[in-house]
């Protein structure tokens, strides 16, 4: 296939949804959100068949328009996902692309006074909206969620919180085991903040007033700011860093709020919810820059610890870093599609 | 502006052009090519005004569809280029996006038995096609070419070869001073080829049969193979490496063929052509991974050596690597637009 | 001075000390230890003057013989320390070079069933041995301890534990704020141990049977093994890792044993001891590979928190990594020498 | 063996030699040089046996005193070389440690108006001095030379120039294939010199006035300055860089002078000399930071090209970088000792 061609066997419907929950969100982000829905080949030919649905969420910095991005020698996920169903490799599913962008580059798919009610938006607005308009099988055994990096994190925690909605998941290099994926970033942030009087708000002001990502520290300061907004915001919405910005020393009560959102630490609390999952796909690169391969190992080990049988789990570490693993997404989608109830 | 919005003040026309020159090209690449043409605000309102034209070409691995790619906090060049004209920062120009993709990821915008007649395609097919269909000012003083990396290389050499067509150029981190941008890659390639019996064709076969870029050496082997196809192909089209694949020792007669395409070595031969250029923009990042900041310095110094006055030249080294400098493209476009004859 | 010349103004006495405490140590390391004592110029000329003493300890992997190592353009510390006193920059001191090497490359200067009684060796054997044989001023206000890296750690904790012996200290890039200096190493160790069935003892067996440090992970596995022996050994002396060797998940009760030895966490417990210190030198490189600049900042901030006046403290972050900062040692020695009571 | 113990089975004699050739050298370096001579076990017991000799030279930045340096878990070469003969692994040889340090950190073992007559010093002063005082077998078939990095370079070129003296050699990661080992350094140097008005003399003045190697670029600027002094000095001794310090563009006539000293380019000219060598050891690390594994491959290939039989050659690429390969030195020494005529 030529790099610029793109013919889908199914159909991709590009909607805009008006969210009541996101209206008036603290960052002034739009409450009208793009929402894409893919229907598989044959969906229109027979209007009685109902389909499982797979929700797809993005990594940090991702917004819905990026799913269209093209790159050399690889096709966008919208096309490789279509190919899963077009070629008969897996039975048809409805694929739902949900946007959870914020001014800080992401929401971590949680409800927070620092960013907005993105978890509730997904679960109580998007899911019913889809079920009302598409021929889904509207039960958890037929609904999955999938994502990479922060999206993988979202795919781990959302079924823990809402097993009544989601009964399967796929996490590619999902955020977990926070002592390894975040602390190194905190240390680098402390150094970067030396140029900003140890004040991340000064960096944020600077960042907004110039071309983005022209400084090497931009990406990691952004993630830290956004995660502080998601995990440790004050009641008034101010993101509060979980470390002293001058020395790096952890501030226990704030860091505990982050750890409370660590999937491998949440597993025991939400063990019942996890035990309802019929299919769990986990992968990560062996040289992931944020050590998310360790997070994957720990999440996998935790699943056994709480009694989830091996046959429901797919686990693989692949020779890769954090980037370039999008070719795994359709593999996970196919695996999920074959395990969702229909 | 929201990350997923995109409203152009001008119009982007997406054409397909059927190239006679690319028909039957050695790599079996398509001869029907995407060709995008941007017309500035006001173009349709007044059908008598004619406009300068600026041709835009891509870096290695680039194909036309990638101009639409979105990223966090930045807009695609199609939009930032539009903004240059929408806001009145520069007088209107027609912008032409030309595709020169090949199976190897690029053509270097030259004619070669290894890839095809991409230089001629651009100069003798695309330019007349545009001039026939759009209200351009069809003379070199009103026609510029711009690009980054391999595109910057193309933007340097094309006006040298065809000053009758192009009278201005912009090069962002353009390939130059080949001893610094290529030799390090050769050395790494020799190491990578140890796993392929020192045979780049074996790597190429492997590369084509698996997800691309899952090995760290993929990108640099690809560039070397593609440049060998462009610069040192045998008469039958076989790419011939300019070095011994086991020891790395340069093969002088082939390496000389590469050096004959080094912009800083071509300058004296094509000094007359360069002296016709009315505007030359040069920039690069101070920590460019391929040392293209040195190439930029050397090209700049060469321009003075052959007598081009300073006032026709813009030169800047910016604190950056090779990536993330797309925010410079509209700045160069504005600068060129203000200097093209109209 | 020529790179191979070395004339001391004072005298370096190379002793061997037979330690009762190290006899029968768990790793079978020698109980006869090298012990070097430097006496300053004039020491022999006048046999009534007594001098302050400064104890010098080494970083991880260091053993006493390495103080003689020569490098291009720099002189060994034994010579630069001598120069401090030879040139009159500081009044004379007795400098004591103590060895605490173990089979694992270091002891962290603590007493442990995993390595031996190195803290007690230093405090209850070496100090009296010195005071009995050299004309020291045998009180804490006249006795300092100094070191880099693990040696800096030793220099921080020893006066906390034994303020009756040491009344001043210098720490160059001393280990502190363990969440930043160790956790990244744990993560890398987990990856390295994949080649050893997740068993550090298998690595250790491999390490001992081949040239050392031929694998990139050798150094960090060694440090982790040695610190586990020092900080979290079982009662029978077996080093117990503070993390799951397959997933990296921290094992809280063991990790707490490490944290109990984190200087910045010990400060409040040992605040009274620290408040007796008359001179505290702290430095580190701003790009220290183990983020010990953050540890330095945190230690500095803690000193103020517990009420130590600024005038007793020297603090500086220098533009450097972890290596190559030996030129700072004589600066600290001079500063200490001028503040010890005499 | 304990890290601080060192008992030699043979004897190491530490001489100083007064060189007439180095007297008045252009850098003002000493003409009295350390010269160490090792005699194997049994040398004194029987005063009639004569021995082959192996000359050992150092890498860039090395001076003779550094052979005594100790490191964790490894012994100095003076001890591991002794062990070769002590254990009967190889028949006894006299080992000669020659110093060729200069103010720039090295001489490359050539005669140059920029540094001094170090090649002649070695060949016409040291060799006869040794033969006059020790029971050597004073002919090339019984005399070898060995070194690493710049020392490996010296070990390759010295027998080419003086086959009447040396009949065997060992090169560990010796400098060769200059387009790969030097050009990358030139590019980095150009960048570093931006802070010194593009003038390496300004850097040199700065370097001499502060602690050495506190800037990351110090090492590579030093090597370039020293090699320019060795390879492309003006007649008055001024080092002349082989590249434009602002653009990096090579200055062909000067770069040719460097290339004239590239071992892989010298081989054809000195083929007859090389064909007299009875034993040639070549190794390098597969990830050598200066790509000297490629130089090793090219040197190896060249030996075959000029007709040297395989049985005289040992060749191996080892999994290593440029550092830490000192454990190979005694292996090469043993191999040479078994092949020198006696």
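In order of appearance the chains are A, B, C and D, and numbering begins at 1 in each one.
Here is the rule we use: contacts are C-beta pairs under 8 Å (C-beta built on N, C-alpha and C of every residue); 3 or more make two chains touch, one makes a residue touch a chain.
For reference, the UniProt names are A, B, C, D = Enterochelin esterase.
If you're wondering where the values come from, they're calculated on a predicted model, not measured in any experiment.
Enquirer: In terms of touching chains, how many steps apart are subunit B (Enterochelin esterase) and subunit C (Enterochelin esterase), taking the shortest path?
Expert: Minimum number of steps from subunit B (Enterochelin esterase) to subunit C (Enterochelin esterase): 2.
Enquirer: The B-D interface: which of A-B, C-D or A-C repeats it, judged by over half of the contact pairs being the same residue numbers?
Expert: When the contact pairs of B-D are compared with those in A-B, C-D or A-C, A-C matches.
Enquirer: Just curious, how far off is subunit D (Enterochelin esterase) from subunit C (Enterochelin esterase) if you go by their C-alpha centres, in Å?
Expert: Centre-to-centre distance between subunit C (Enterochelin esterase) and subunit D (Enterochelin esterase): 36 Å.
Enquirer: Report the inter-chain centroid distance for subunit A (Enterochelin esterase) and subunit C (Enterochelin esterase) in whole angstrom, where each centroid is the mean of the CA atoms.
Expert: Subunit A (Enterochelin esterase) and subunit C (Enterochelin esterase) have C-alpha centres separated by 45 Å.
Enquirer: Could you give the separation in Å between the centres of subunit A (Enterochelin esterase) and subunit D (Enterochelin esterase), each centre being the mean of its C-alpha atoms?
Expert: 56
Enquirer: Taking the top-of-page definition of touch, could you list the pairs of chains it picks out?
Expert: Between chains, contact exists in these pairs: A-B, A-C, B-D, C-D.
Enquirer: Where on subunit A (Enterochelin esterase) is subunit B (Enterochelin esterase) touching in the complex?
Expert: That would be residues 2-4, 30, 34, 61-66, 68-74, 99, 101, 105, 211-214, 319-320, 324, 327 of subunit A (Enterochelin esterase).
Enquirer: Would you mind writing out the residues of subunit A (Enterochelin esterase) in touch with subunit C (Enterochelin esterase) in their complex?
Expert: For subunit A (Enterochelin esterase) paired with subunit C (Enterochelin esterase), touching residues are 177, 179-180, 183-184, 186-187, 190-191, 194, 244, 246-250, 264, 286-287, 291, 293-294, 297-298, 300-301.
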